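Single-structure report; data block below.
Letters are used for the chains, namely A, B, C and D, taken in the order the chains are written, and counting of residues starts over at 1 for each.
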Amino acid sequence: MRSNEVKHRTSAEEIQKLKLITAIKTPYLPDGRFDLEAYDALMHMQIINGAEGVVVGGTTGEGHLMSWDEHIMLIGHTVNCFGGQIKVIGNTGSNSTREAIHASEQGFAVGMHAALHINPYYGKTSLDGLVSHFEAILQMGPTIIYNVPSRTGQDIPPSVIHKIAQSPNMAGVKECMGNKRIQDYTMKNIVVWSGNDDECHDARWHHNAAGVISVTSNLVPGLMARLMRSKQTPLADKLLPLMKWLFLEPNPIGLNTALAQLGVVRPVFRLPYVPFPLARRNEFVEIVNQLGRENFVGQKGVQVLDDDDFIYLSRY
Amino acid sequence: MRSNEVKHRTSAEEIQKLKLITAIKTPYLPDGRFDLEAYDALMHMQIINGAEGVVVGGTTGEGHLMSWDEHIMLIGHTVNCFGGQIKVIGNTGSNSTREAIHASEQGFAVGMHAALHINPYYGKTSLDGLVSHFEAILQMGPTIIYNVPSRTGQDIPPSVIHKIAQSPNMAGVKECMGNKRIQDYTMKNIVVWSGNDDECHDARWHHNAAGVISVTSNLVPGLMARLMRSKQTPLADKLLPLMKWLFLEPNPIGLNTALAQLGVVRPVFRLPYVPFPLARRNEFVEIVNQLGRENFVGQKGVQVLDDDDFIYLSRY
Amino acid sequence: MRSNEVKHRTSAEEIQKLKLITAIKTPYLPDGRFDLEAYDALMHMQIINGAEGVVVGGTTGEGHLMSWDEHIMLIGHTVNCFGGQIKVIGNTGSNSTREAIHASEQGFAVGMHAALHINPYYGKTSLDGLVSHFEAILQMGPTIIYNVPSRTGQDIPPSVIHKIAQSPNMAGVKECMGNKRIQDYTMKNIVVWSGNDDECHDARWHHNAAGVISVTSNLVPGLMARLMRSKQTPLADKLLPLMKWLFLEPNPIGLNTALAQLGVVRPVFRLPYVPFPLARRNEFVEIVNQLGRENFVGQKGVQVLDDDDFIYLSRY
Amino acid sequence: MRSNEVKHRTSAEEIQKLKLITAIKTPYLPDGRFDLEAYDALMHMQIINGAEGVVVGGTTGEGHLMSWDEHIMLIGHTVNCFGGQIKVIGNTGSNSTREAIHASEQGFAVGMHAALHINPYYGKTSLDGLVSHFEAILQMGPTIIYNVPSRTGQDIPPSVIHKIAQSPNMAGVKECMGNKRIQDYTMKNIVVWSGNDDECHDARWHHNAAGVISVTSNLVPGLMARLMRSKQTPLADKLLPLMKWLFLEPNPIGLNTALAQLGVVRPVFRLPYVPFPLARRNEFVEIVNQLGRENFVGQKGVQVLDDDDFIYLSRY
């Protein structure tokens, strides 16, 4: 008899069908613990507006600011409360192969449907090292490989992807190197999600991407779902100013600021993140008004927060 | 909106109805990690044979030999795979109030139905300190308080139980101080589970205990379920030799030895536990034959293991 | 070439010469972190008043309320600041053999001179298990074995001590079972420190104990040093009321209360510890006045603290 | 009274005088634990050959593959064994401000003389966030800021350095952006160490760098010390092939391979690092022969290791 969890594990194929995956924000209480009420509410909004998957504790969800026990707990919590309604993809990647293996084992044990794995950022390694790292973690369960050289300092070249693509657990790639790279992969039947919101409509409809792993969908899940379900060029254009605003500083600074101003999360920042300055916060209200408040998550009116409204945490 | 998990939380009343709760064994792989396949199989046997709850990572499950992240992972895993069929009670107790609070928060977040809490063993504290400790953890969710002075070095006196019994989260007491103490509690409408297998039949049928939190039921869940569902004096007597054997050394030494000889778990011991010596291992086979192999978990023939069959782990 | 640290390691013989070893209190800041200034001041008072060793993170120092990284850090800090003036004995014991090994390796690596090891409390084990546990940790470096059944729930019987006494790293036993047991050991050339302050004068001068591992010496290190250097029957009698007061509740409740009232540490308690009630706090001032304020650590006048002066921490 | 450790803390000025600082390799045992004997031997070779400081657990020392308790232990161990002979700079940086603060507090508590701090790699943040991060950690003690955009994905611009340069704890910058940037800083009296071995001779003698934080000095500490003490243009040129070889793949892949072939460390790799392929391993022997075996650390003959000689660890 195999472990119950292993027997009922989601297949890579089921993961490959997901079009809109939200890299979900992690909200905090003023003492720095997770605000699970706000989190559950945000998860609920994602589900009813059409997101089919979430990445828990991604860079957007600030997994790198969590202890591993917090991280696995959040994955387990998400599976427990929402696992029947949405696919839960745990970001159990690390620049340490040991940590990546350990976290993935734990994440699958608590029921996550797939893992997201980054190449070893900061420490980096050789191409042979990359292959060894990915081969070790691909034994665990369905996996999406994440390539974002602007964060990691090292591109995962196609040669590495092709080598590991044979694994039955390889669900696909979250690719940030642009639609040319995406096209090259999809022509070879490698499943790809765009990692750039501003390019994702083209990626999906002109370059055969399966969909997007999105930051913007935290804010406008319904619009992003429409973008991924049918060609929506005017809508894609209309969303560009929001997307541009969101990435004026390293993500999730913009997203954190936006969700706080929408009243969906408390204005609590774990350092080293700090909110956008006042001028940018004013711009966000205009963007919301142009796109329509009703398209954004939350029920409260959008507001401009004062500098004093924000709480910064360096110990938690 | 409250957190989804909080909204759907099991009530203390639902916990109070459980008659047979197994303090489930944690099986290991030869490298010291959890053997989740063996664990899931054992869980399955508990469910089909009538156990209504499990304590995960109790003293029987060697929670004190786990890191907290392993411990919470195992709770989350159990909820994820079996939470619809059996109540999952996480042993999130600690002699450190901070650890007990943190583990309980995490355990409830990943979906455990109730917590088991010990008084601060080894470090001990004053009666005022006991009350402060329990009041802190009773805010988290449904809770069973565990009194076992032979392990903790300190009795939780009735005065403390009565003080904390007002909490709506107080489900009851797992009591090892004997049936006189149990009777005193049940006469005052405090729910009690016996913590002594050899006294549990009397506790239930003569002293109004709700049931038992049992070690023996790991081995013979069906028989223990019968014992808790209707008066079975001859069966209780018949089980006594097994129970006596199990507790010849501090639990779970006997249980670990027994499950290994039944072929249900690998003969892997995390130190400081070591198996029963050969003479005792021979006795177990006789006990199984007398009670009937078919009443025990597992499908393989019972065997006497050699000294060399056991693996001892001090690093894992 | 051996590791530098191993080459220069203190021998068990050097440890055996220590007469007064203080089980040092760990003071806290209001946010729960260690108050290293207060700690260093208290360490300094121990050294100038004649203590020859300290146990860092013992039950008195609330090692069971520390994370392991805090615990090892405090050992390293003590070695770094005071290791040339006093022997640093790290309480790297645990009821988990793995933790005990890991902590001992780390403690010796950061320079502790000896380890203190408890038998597996709460979880307990068989006599064979005890021997396996101690044999595993005795490979690390000079070690004192600690026997305190009122905390652990299990006596370490002489048979176990005799078995492990052959190890060259076995420095001796901290024994709380009374002077009869101590005498039996010293007659067989096993070095013993009394673990009971109220019996330590007799232990040393009538039963050949090497000295004492003391709680009381936190408060009156000079008097305790005199007690251990020459027969001082009247002084021993004079100290009895203080010792009795200190142990009216489980240690370190009394010590924590006393040091706060002497102005030597902040009145900060990590739960589950809470201070003595007001009536007891009044008694302490009388005891100080009778023994003479000048015999106690600290420079400030002794005061009776109000209930509101105390800070209780359940998250830190 | 201040904490002893704080009172005797090294000043930023003392750190600024160091010319040769080695980013020391961490050697491993076959089971993945630190090989402290090999480490102590390598430390000893650094000291007798003229290194004045070491960075413990830097990227070269694979701090990102350590648990924090291992990391702090290694700092404490180094202070304990060598702190009187060499300055110990702990790499207590992190992309999480919380972790960076906590590790720095612990590192200073166990006696490190200075901290090395990276900007938040991978997670990144805004310039305001960078300043907040560095201001938080600069309160702890003497600090070197480390800028290596090829690893972090984000340059620390001069505007940020100038803002934090006012802190009395700011010892200087380890700069990898080239000698033009170094010159700009030194002209404004900001102390800089080159982070590029191949440029460090020019940095020191033409651009006023204080010295180098070096990888190469693990192998040839004496030659690197000469390079930093007086102008040695021919020697600098002679060392270039070694330096080029070392950085053919992300550091410390080359260094790990080299030290194993010199017989100074065991050929044990924590993944994701793997050794150089055979062709490169052959090249190293030639380089050693050209520079002279006697200039390299260790006493054994240099050898070419086989593929089978290497041990790869993904669990430890």
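Everything that follows uses one rule, which is that a residue touches a chain if its C-beta (ideal position, glycine included) is under 8 Å from a C-beta of that chain, and two chains touch if they have at least 3 such contacts.
Remember, it's a predicted structure, so these values are computed and weren't measured experimentally.
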Problem - subunit D and subunit A - chains in contact with each - result: none
Handout entry: Chain whose Cα centroid lies at the greatest distance from that of subunit D
Key = B
Handout entry: Length of the line joining the C-alpha centres of subunit B and subunit C, rounded to whole Å
Key = 34
Handout entry: Between subunit B and subunit D, centroid-to-centroid distance (C-alpha), Å
Key = 50
Exercise for the section: Could you tell me the distance, in whole angstrom, between the mean C-alpha positions of subunit C and subunit D? Expected result: 39
Exercise for the section: Give me the residues of subunit B that touch two or more other chains. Expected result: 315
Fill in the blank from the handout: Per the touch rule, the subunit B residues reaching subunit A in their complex are 1-6, 33, 36-37, 39-41, 43-44, 68-69, 72-74, 76-77, 79-83, 105-106, 109-111
Exercise for the section: Sort out for me which residues of subunit C touch subunit B in the complex. Expected result: 59, 62, 64-65, 95-98, 101-102, 118, 120-126, 128-130, 132-133, 136, 149-154, 249-250, 253, 270-274, 277, 312-316
